[in-house]
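This report concerns only the one structure given below.
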């Protein structure tokens, strides 16, 4: 088992390198001269040239990339073109804020999604099922930034119960996490429902009933364990999308996270920040997926024995 | 009659589907004494599995429903029992094993756990005793008790079916319903599993309902045979009667279609035609469109059971008032 | 007249057979779809949206109504003159909404189309040839998949500049891996079947085999994913425009309209609410149709 985990972790390295290369290449297509951007329009040509040399901007592409990686491993992702501060520090400072939203969002999604999915499946075609399915369809169709604004409209502007932005106290966590979590909850609900429906049709469920097992136990012991296996993958994926989708939600709520940092950086053409932020979030996503894969191995005995 | 373990009278089961009402089982009669083995024979779609599920009250509803008849087990009316009482019978007094061992076991639970479950539900033993008993059952079906903690995917098809048998017999049921238990297995494994079932049946004096389409299997294990066609039992009797004194044209056709190594026949002789559409059964005798002895009357008149010394046949050729038509 | 068993005739027969099979399959598909009420509702809603988008210019001319500013009429709530009110520049919301539908549908369909072509080609090649080529292509797809799609799109647009073309390109690139995977899986499952061996036996070359025999059989899951993909593309477009990374003003795009109304949330919420509702309805309709197609194409539900 440990060999499997170790192997998967090793595989992560080329993927992350690939991601860094991909994003680095994309960002290098940005028009404009970073040195000019930093020094401003009034700077002299020689000053700009000197800065370019210093920043290594005249080196061939692969050398620049190599240096970027080597420096990155030391924690040096360059400095913001606008603030001059270290990029790593800027991101690191804000990452916990993004993380806390994503984590609470995923928890909300699981706490709502899984039970509703199970009930929908076991009481198929009932009123509860229809309502949950419609709610899930709407949840998937709503853009999260719009939902965020609507929630602000209702709870903040309308009722005045909750703050409309910024990270201040526990109350300010509520609306953003609900906004993030709703889409994920809808997807998890649908996935759980279809997985349960599939499992309930299986022969081994019929065997359990033929043994005299009570219906409650058939669902909880026999069906659930099997049905939740694919749901784990979906939860992991959703967590990853939350990390990515936080960009829009953080913008709506002026939340001091990595997403908002990225948006601001894009507007001011602050490439190092954008580059590092995307790589960072992609890395977080990959690590979550790794975690989900490993978890899969623990939960499904068929996978477990493949890696003994 | 209280000496009968199982007494089924006039049982009818229907399924309501988009394409119409499927009359899966039409007024069948069956009975079994303790320790007896009844073979339920017929082609796919004849209604055999539905009959078995009906006996266990496991017909999925919707879309299926028991619409008539009586099932008496150990003197109790099965159809009148509460669901809770019925659960007390399933796995305990009446057990069922299904056709495909590959999908009959829960992949995320150990085999030992699945055997222990049926024991824990029906018997009041402490956990250690339950596990002990489960290991004994494993040994009984020829699997080392030490494999208690293994998962189903770690066993071959034949061994999986043995686990299924172990689960079914763990509580020493009075009646075991076996729905084509060997069809999905290799021929050599088939023989082993049948042997095992025979031995256990003798040992525990379990009555058995053996559902199969294979007459060879019937010959090996059954005392009585019921031949099913179009949801009805068209011939019923002791094994000697059916094999040596075959009467119904369908049964004759079944025996005739088995290839014979000794004969010089160059072609197979199957029964012409196909199984009737269950939403649109033929009028009169359900077999008449395929019967080479059919007369006009067969499409108009529904045959009744003719009883010749315990050998029951549902065919107009044997009914007193009309049998002379065939002479 | 004797029938010539030329390889041409054989192939013609088999593709005629394929076409006939396709015709009855399509009829069957339509029949099953018709029974699904939700899917039909989705199709109806989509139909209305498409019609409005096509006739947008006739209903509300672009330059005269959709982008002309009327500052004295700004932020009016829905009334007789403006059935959905006006936005922060006094422009008629309804006009902008239906032009926005045109933009969204265009971007959505083109982006997905591009993804399908690129992803499908890569997947078909990977699945058909297998081996090292397969490995390399799928590893590259894995790298793309490791970046959450919206981030990838943001990165591309931020580097290349926000305009319609870059937006489409950015959105389509992020979906290429999914289609590659789907097509590859389909190809792998069919390429070992006998009719492919038969085609090879009569001398058909690889390209022909892939185009005539393999691709038609991979259509089903691609169509389902494609329908849902248009929904995703529209959401991404709206999201990117919301943060200023998409369609630039004064072009009407639902996400951008939403963003424009943000500061007036307290006083004129309709400017933000209405475009959002349009998005929800469109995505909902697309999802209903996609789900319906998936159910109709599911072989296990065949009676």
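Should a chain be cited, it is by its letter among A, B and C, assigned in written order, with residues numbered from 1 in that chain.
We adopt the following convention: contacts are C-beta pairs under 8 Å (C-beta built on N, C-alpha and C of every residue); 3 or more make two chains touch, one makes a residue touch a chain.
The structure displayed is predicted, hence computed values, not measured ones.
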| item | value |
| --- | --- |
| Given chain B and chain C, the chains that contact each of them | A |
| Between A-B and A-C, the pair with more C-beta contacts | A-C |
| Interchain centroid distance [CA atoms averaged], chain B/chain C, Å | 52 |
| Computed distance of Cα centres, chain C from chain A, in Å | 23 |
| Cα-centroid distance, chain A relative to chain B, in whole angstrom | 54 |
| Residue ranges of chain A touching chain C (in the complex, touch as defined) | 14-16, 18-19, 21-23, 26-31, 137-138, 140-143, 145-146, 149-150, 152-153, 157, 240-241, 243-245, 247-248, 251, 262-263, 266-267, 274, 278, 281-282, 285-286, 289 |
| Chain A-touching residues of chain B, taken from the complex the two chains share | 56, 58, 87-92, 95-96, 98, 100, 103-109, 117-118, 121-122, 151, 153-154, 164, 167 |
| Residues of chain C touching chain A in the complex | 139-140, 142-144, 146-152, 154-156, 158-161, 231, 235, 238-239, 242-245, 255, 258, 262, 265-266, 269, 272-273, 275-276, 279-281, 283-284, 287-288 |
| Touching residues on chain A, where the partner in the complex is chain B | 202-204, 206-214, 221-222, 225-226, 229, 299-302, 305 |
